[in-house]
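Each of the next two complexes has subunit A plus one other chain: subunit B in the first, subunit C in the second.
This part shows the complex of A and B:
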């Protein structure tokens, strides 16, 4: 058994919905059967075999080689196995994923890990807007699992987030954690405007002071919070700098809000030692 | 070109034809008499032996266009994401289950044998948009009822004690300007009262600003509609929708109209008592009795069926009252141009929920207890009680007692025990279904050339294969003809056509009412009076829709 490698033959003209290409969907299929799967691209359907070269046979470990930002819905709803994306990915990466691992070597488009249920998603590059958010009109965003982004993320990361962790090593756009219901978003870099806008509950854990705190957040002073070392310990098995930050996050300044809503959320900012 | 439908069992209640085997001839989109076709060799013949032939069905109350449908679509992207329809054959792609896109709505109606649908809540100031959306609904003839009763100009007229003459002119002017076929009133005065912070308005309760009661509004509108000779009686969505005990309000509304013609819409939602441990019970028996006793009253049911849907109503007062039941939990209530309101609340009717299950029983009880099928109409108040795609299922519930009792045995046991449904033996016949969905609907709307199969009628015809399973029968007609063209074969659209707009043009004194309206528009409105009026060319100039004007009583 060797891992299943799908190599994109050429830069596609239109976006391609690759949702059918998940370990769950391909596990018992031969290379020929995989080649016959129809993918929607633009207004037509094209055989997978026409778009990708197919090698290997172990779909529990898939590689998408030569991937570009035109591949949407990578790993949609997957529950097991691993997809390694060698290149960029389009929008809706890992949407409603239930388990397994997704690794992207490049950057991804909007709505990455939206409505994620479980599993881990690692983005080596940047992520677009609405990372871990809900689909438009839905009330519940990411509801479990862990997302690690080495680069920067766009606006409204964690919009309507319900549970799980977004661990962002770069900078964020505006409205970080907007309308959050619960869960944790940790950021090493800078944050954009309006962090925590309309958040009801949940935690934004910031290594740097944000450029702005909304007037609807109350400054509660600095604290030593017992739960933070436990939270960080929970990231122990993951490849993330947050698992070793219990010292720099020993003291945090707590802002409670958003008082224009339920107001049980918090922004915790590292306060040094 | 002459088309012949040979040997079908014809159900044409407008002419008293009950399942007789007959041939039907169609020429140039119209049905022609036998003597005109005798001896002529038909260009096209359809073998309908062993099949059932009816006129195309007419949905006389379905929310297929206008602002609130658009809001419902915007509020529920998941309704569209989860129900995509790919293009196929002549049909373009679309989406949506509870609030489908216009194209999909038209195709789905035609695939069930419907050839006309009437939008019951055309807010005059938004009528242009409603007409655009209806014009974008293929396969169907359409029409609208203009909504009055909570608009400031009308309430001022009533409050100042204006003569009936002036009110008649205003009503007629509104029908002309909004290109509608009837007048609807929604929670009379209540939509306005909501904006003055009243949270309920009973039949005899004063609007706190205008000092006008719903009873007075209903009477003056019903009188106006009657005196203008408008064929369709005042279309009434009464007070206290959905409130336990509203049974009494509805009965008072019926007596309060003093014998004038009145159509009570989605009456199921207005037939609730307060008996029992949970203070919620069926008032179907009393309501049905009142309808049976008062020949001036007609009603459509607004049956609920279990599943996810969305309620979209002009009744912002009651929609606000019910917003806590929203599923999924999001809702919209809004004012529209200071003239009316709108509330959109998504809803999931559950068969194990006591209230929902009883609502289901109440609707069916009304269907079965009202004796005259000419005065009761088959609707789910699409999408409020259920999407229109459930009609075949509903028809089976009415026609098949054992199926009905099977479903009854699966719903909430407390509700089933409180309902008399199990003891009602009535089963609708095909003839009665044809009355409810064709002949009766056409008659109540004044559509002289629809809903029947007599010579001169438009050739809107549906051909079914008779089956024991009436749901299957009404889901997939063999043929549907629209204005003489074969548009659906074996339940699939094979040709896309565009329907007509049905209107009326009552006579009135335009100069007199416009001398009052023009300064009113100039002072208060966001647009000028001339722009408020929808001209014929706006509807006809794209070459798809034609306006069909039906005569009012007294007009030639």
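This part shows the complex of A and C:
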């Protein structure tokens, strides 16, 4: 058994919905059967075999080679296995994913890991707006799993987030964790304006002070919190600097909010920043 | 059987099924983790009147604890799951939640879950915060010294209680010295506790009493001052008998720790007044676990 490699033959003219190409969907399928799977692009459907060269037969470890930002819905709803995206990915990457591992060597578009249920998503580049959020009109965002972004993320990351962890090693846009219900978002870089807007519960753990904190967040003082080392230790199995930051993030300034709503969320800013 | 001149009686210790759990208490330093653990395991020598039997299993290095602080592992045993759950929750609430800098975690991730912080969280009066880390739920309860961090639940497993052996000596100081030697060796064995004061019982009991209100009474056959007054099990030279009772997570743990303890006691030998090792049993009527001394020491 060798890993299944799907190589994009050329840059597509239109966006392609590649949701059917998951380990769950391709297990036990031959290269011919995979090639016959129809993918939606624009207002027509195209055979997978017309877009991708297909090698290997182990769908539990898939590689999307030569991927571009026009491939949407990569890993949508996947529950097992691994997808390794060599290149960029479009929007809705890992949407409603239930398990497994998704690694993107490049950057992704909007709504990455939206409504994620479980599993691990690692983005080596940047992520667009609404990372880990809910779909427009829905009220339940990411509900489990872990997302690591090595680069920067856009606005509204973690919108309506309910559980799980977003670990952002770069900078974030505005309204980080907006309308968050629970879960943890940790950021190493700079944070845009108004983090925690309308958050009910949940934790924003920031290594640097944000550009601006809403007046509806109340300063609770500086504290050494015992749960932070436990939380960061929990990321020990992942390749992230957060797992080694127990000491630098242990003492934090706590802001409680958003008092315009439930007010049981918190922004924890590393002390001394 | 004779070990180092000490007679091993052809008898057995009779033990019974219990339900058990392990919890981990951490604190700013070992001193405060010990204080919390000692408070929690206070008045927990026997299920007869304490509701549970509990003891400190061992101290934990920071590298062994969930939050990277010094800690103590505690084992708690009771006759049933409901009683155990009630005892754990009550003791955690009154003895660990109240103890400065403490945090409380499960020491048995597997098994049937019983509440640790599941209900204690309500002490937070709505300000408590839940965190799910690696599939396990923790509660952050705001308290006056900061936050009390407590895992939602711990695991409860089938266990064994009442393993025991008796040390028969020529004098009280010699019996106690042998018990101290045995306990020191037994404390190095994992998965067991010796719940009585210092690990030693001087008031071993028999089932029943001439008084209707009592279920148990003094084990007169092993009381040296009654040698001429009852059907004694003691020879003339025996002046003091002390018992070591063991609870463990499995019967194998009990066998292992009994062997370690008996070996340590026998090492003192007749020159130090140690004459016999016996065990407490109820004719096989009390429990299904029979620990035959000669088989254990073979």
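Criterion: the second predicted complex is superposed on the first by the 271 of 273 C-alpha atoms of A that agree within 3 Å, B and C clash if a C-alpha of one lies under 4 Å from a C-alpha of the other, contacts with A are read in each partner's own complex, and residues count from 1 in each chain.
Criterion: contacts are C-beta pairs under 8 Å (C-beta built on N, C-alpha and C of every residue); 3 or more make two chains touch, one makes a residue touch a chain.
None of the values given here were measured: they were computed from a predicted structure.
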Joint occupancy of subunit A by subunit B and subunit C, clash or fit: fit
First (subunit B), second (subunit C), both or neither touched by A:47: neither
Subunit B versus subunit C as contact partner of A:163, first or second or both or neither: second
First (subunit B), second (subunit C), both or neither touched by A:182: second
Subunit B versus subunit C as contact partner of A:9, first or second or both or neither: neither
Angle, in degrees and to the nearest 10, that opens at subunit A between the C-alpha centres of subunit B and subunit C: 110
In the superposition, subunit B vs subunit C on subunit A residues touched: C
Subunit B versus subunit C as contact partner of A:138, first or second or both or neither: first
Contacts of A:229 with subunit B and subunit C, given as first, second, both or neither: second
Subunit C versus subunit B - closest C-alpha approach in the superposed model, Å: 22
Footprint overlap on subunit A, comparing subunit B with subunit C: none
Residues of subunit A touching subunit C in the complex: 163, 182, 184, 201, 203, 223-227, 229-231, 233-234, 246, 264, 266
Residues of subunit A touching subunit B in the complex: 135-139
Footprint of subunit A on subunit C - complex, ascending: 66-69, 103, 126-127, 129-134, 138, 140, 146-147, 149
Interface residues, subunit B side, partner subunit A - complex: 75-78, 81, 328-330
